[in-house]
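By letter and in written order, the chains are A, B and C; residue numbering begins at 1 in each of them.
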Amino acid sequence: MRHFTMSSAARRPSRLFRNFSAKIASVPMILTALVVFVGGTLWTVLYSFTNSRLLPRLNFVGLDQYERLWATPRWLVSIENLAIYGILSLIFSLVIGFVLAALLDQKIRFEDTLRTIFLYPFALSFVVTGVVWQWLLNPDFGVQAVVRSLGWESFAFDPLYNSSIVIYGVLIAALWQGTGFVMCLMLAGLRGIDEDIWKAARVDGIPAWRTYLFIVLPMMRPVLVTTLVIIAAGIVKVYDLVVAQTSGGPGIASEVPAKYVYDYMFFAQNLGQGFAASTMMLLSVAIVIVPWAYLEFGRRR
Amino acid sequence: MATPQTLEQFQQKCAAVLRPGLRKNKELERFRVSVKNGNALAADGPRGPKPRHAFSKRNIFIYGTLFVVAVYYLLPLYVMVVTSLKGMPEIRLGNIFSPPMEITFEPWVKAWATACTGLNCDGLSRGFWNSVRITVPSVILSIAIASVNGYALANWRFKGSELFFTILIVGAFIPYQVMLYPIVIILREIGLYGSLSGLVVVHSIFGMPILTLLFRNYFASLPEELFKAARVDGAGFWSIYLRIMVPMSVPIFVVAVILQITGIWNDFLFGVVYTRPDTYPMTVQLNNIVNSVQGVKEYNVNMAATLLTGLVPLIVYFISGKLFVRGIAAGAVKG
Amino acid sequence: MRRILTAAVLAAGTALGFAGPAFATDLEVTHWWTSGGEAAAVAELAKAFDATGNKWVDGAIAGSGGTARPIMISRITGGDPMGATQFNHGRQAEELVQAGLMRDLTDIATKGKWTDVVRPKGLLDSCTIDGKIYCVPVNIHSWQWLWLSNDAFAKAGVAVPKTWDEYVAAAPALEKAGIVPLAVGGQPWQSAGAFDVLLLAVGGTDAFLKVYKDKDGAFAGGSEIAKVFKAADDARKMSKGTNVQDWNQATNMVITGKAGGQIMGDWAQGEFQVAGKVAGKDYTCLPGLGMNSALATAGDAFYFPLLKDADKAKAQEVLAETLLDPKTQVAFNLKKGSLPVRGDVDLAAANDCMKKGLDILAKGDVIPWTDQLLSQDTQKQKEDLFSEFFAKPDLTVDEAQKRFAGIISSAD
């Protein structure tokens, strides 16, 4: 292989064989992109127009599955939850992550220890996170019971058993699990900033918070982009955490779209409905991500 | 106090300092130094403003905040450990935050060796080795593929390569549940369904987007001169990759290994769908133990099982936390 | 008792051993029986199968049918089938059969004269598609039981109720004593099941069949069903403060006297048994909530995927025979708290509650349950509705009934 490449590079052959090794090496990526992601998506979209039940069948019913989907209260609740959870977890994980990183970046002692403390929850799966927080937030023996036993009898903190705030209970657990990683990325970004910038800022008498906000943050654009991709991908996919922590309850109050997809595909044995829901998820992702991804990664440098 | 005007001036000054050419030279210089020191990315010293006196107001504020936040992060771990060491009667009576009155390791023994799911009463022990057998090849294969992808994307761009990459990134947003069915079909068609190799392939596919992104960014941040020099010397695709790129990319490989070990070890969905009971990974066993309620929920056993399952990624993080930040700095900062 | 059973199982094993293969074949069996009582019951099946010289490889998947079924189905459609798998009796495996992925058991059934021994007849009908038999029913479960904690009522100072209405009337007293009147776990199937039970008990057999069998949407939205929703509203109020997820945790609340009662299928019986409670003394059971004596029968059945391996196929036959063997039926169902599918077995060891069930069964007062009548899709929509209804006090009865009628109109 290598000899072939070298000699072919020397002879400057036709276009197809330019970078031939690179093309061969990219075959797994190309296959994944085309067969799994594009192929799988098209397949899903196609079958969302059918009335497939347990097994996929090409029996077309037009937009029936979509009409039913948008008339289903549970789907609407799922969308609303995802919006609340998504926006808040994006904001909070970025803000908390950045603030923690900035604090750790003050040439403090015990930096390694503190960083490990903030990061360790990321090593735990969402299933584990869900189980632990379900426990901490259980009104009968969790935080609420402990505070009450200290004498504050009327203290109420039972987000997992209160329909109107349950999604925030999920958010608390998600932030606990994920902010450490965001902090790491941010810290890495801060370490990439030239020390001369700080010196210069100090000479010019610019207060630290302004330096962070107007100079350092804009310079951290690449790391922010990577962070955003990772957080946002996690948000759309949120599933395990909800299943482990609340199973979508109480009632349907903490349902999320990915769970709707799974439940209808496999539990209700209605693939068509599940595929219609996945198509809607993919569509909304595509509307936001594709133009941005193309601008960010697709342009020729 | 700086007025907005001076702030603007300052930003311009910064831009001048960071003019592309200048930056490249500087980076290259730093890079050479760091390679000489056997430390591919030296940028791990704090960059923030210089600290003042030890007991200044500012320091009290910083340490105070960090301490409070650290308590919040540690609390769940503390509760897990404490609970796993208590007996059930004590759990029922007591406060979840109180330390155990009588330490018992029985829940740990039970979680590891005797907790039941259906008829199998051998706890998590069975799942541990399965998880190892799944994780090791998956980590190796996924990183091998993603690093080559990143290298090809950064240094050997060909027509359409950026398009495939964009598809991959969009693919990172597709919920796994959506892909479950098509993957079953694909695996069935290539005859890998139900085998461990099938699961390895699945992990490699779904690990690809984020890993490729990290590797691509890292390789793009390496000084192009190195690559060009090797090309002039007549080195080809694979020899540059193996002789120059891989040895210089230890930090990002470390990050990839950490991320993949965590991700694959913690995976539940693929593990349960694409394996069979005798090859179930530990997370599936954990779910089985936590959800097989036999009468009363044994919280101590559940917590012990939870900790045991999380132990491998936790140890990886505790040991390599520093390398992780350093490597992330290398893969995510430039782009 | 146990010794006799063991001897019987061994005897059955030797008898079948002649028919079975001379060497051991491993057969993987998947199921979702993981609670205390369920695991004890499945151990009986495994013991009986192992006694034939084969080996039961246990593939338990914890959670519930909802977690386990997707995995089972993926494996069958993905070309990596297990040796045998549990499904709820009814329509869950319909399409797998139609796709030709499941094994036709008609020959074995004819040999074993299943049509003569299995009762009620409806059970085998649910296994039959296009005249061929595809599954082995192993037990009869009925949903319509109210389990009451005698201790809880004693503590509240009221008599243990005999009907649903008395129970509702006793609820305030229970609440005053700090007891949750009705335990309803958070898993969606529990609230949906409780509603179906109320529909049959309060609405009556005709109303039940009109809604679920004829799928009469107009009727489901009408005044007769409004009565049922009123009862469901009572149940919703009584269940406030349950705060548990799993059905057996809810049962445990009844066992420990933290809750007054629970509407749950006869599988709850197994939990009382494991906890060492005695029917009649520690707890009371009311079939049909004391309102309607008709018993709807559902249950579990084993399906056998089509396998290429001849040895395994042979082992499948042995397992199918073993499952319906009279001794296995007795041993299994005693532990599971369900009723045997054979009318010709002696269930002397049955306790009070099981005997009540057996009497109803003998009278033939049985109707099919929702698993047989409705598709999984309709079942799931129903579950979504009722789990929301039970968790959300501001979802009005009228609104819920309107949505229910909508689901029934489009049901299949």
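We adopt the following convention: contacts are C-beta pairs under 8 Å (C-beta built on N, C-alpha and C of every residue); 3 or more make two chains touch, one makes a residue touch a chain.
Please read these numbers as outputs of a predicted model, since none were measured by experiment.
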Request  = Identify the chains in contact with chain A as well as chain B, in label order.
outcome  = C
Task = Pick the chain whose C-alpha centre of mass, unweighted, sits closest to the average of all protein C-alpha coordinates shown.
result = A
Message = Tell me the chain pair with the top count of C-beta pairs in contact.
response = A-B
Task = Using mean Cα positions as chain centres, tell me which chain lies farthest from chain A.
result = C
Task = Using mean C-alpha positions as chain centres, tell me how far chain A is from chain B in Å, no decimals.
result = 14
Between chain B and chain C, centroid-to-centroid distance (C-alpha), Å = 43
Query = Rounded to the nearest whole Å, what is the centre-to-centre distance of chain A and chain C, using the mean of the C-alpha atoms as each centre?
reply = 39
Task = Hunt down the residues of chain A that sit against at least two other chains at once, touch-wise.
result = 262, 265
Inquiry  = By the touch rule stated above, which residues of chain C touch at least two different other chains?
reply    = 70, 77
Key: Touching two or more other chains - residues of chain B   = 180, 287, 290
Key: Residues of chain C that touch chain B when the two form their complex   = 28, 30-31, 33-36, 39, 42-43, 46, 56-63, 67, 70-71, 74-75, 77-80, 82, 246, 248-249, 252, 271, 274-275
Key: chain C-facing residues of chain B, complex   = 116-120, 180, 184, 187-188, 193-194, 272-273, 276-278, 287-297
Task = State the interface residues of chain B toward chain A in the complex, per the touch definition above.
result = 1-2, 6-7, 10-11, 13-14, 17-18, 26, 43-51, 62-63, 65-66, 69-70, 72-77, 79-80, 83, 91, 95-97, 145, 148-149, 151-153, 156-158, 161-183, 185-186, 204-205, 208-210, 212-214, 217, 234-239, 262, 265-269, 283, 286-287, 290, 299, 302-303, 306, 309-310, 313-314, 316-318, 321-322, 324-326, 328-335
Query = Tell me, which parts of chain A touch chain B in their complex?
reply = 1-2, 5-6, 9-10, 18-19, 21-23, 25-26, 28-30, 32-41, 43-44, 56, 100, 102-108, 111-112, 114-128, 131-133, 135-136, 141-142, 145-146, 149, 176, 180, 184-185, 187-198, 200-202, 204-208, 210-211, 214-215, 219-220, 222-223, 225-227, 229-230, 232-233, 236-237, 239-240, 257-258, 261-262, 265, 271, 278, 281-282, 285-286, 289-290, 293-294, 297-300
Interfacial residue positions of chain A with respect to chain C in the complex = 53-55, 72-74, 138-140, 161, 163, 247-253, 262-270, 273
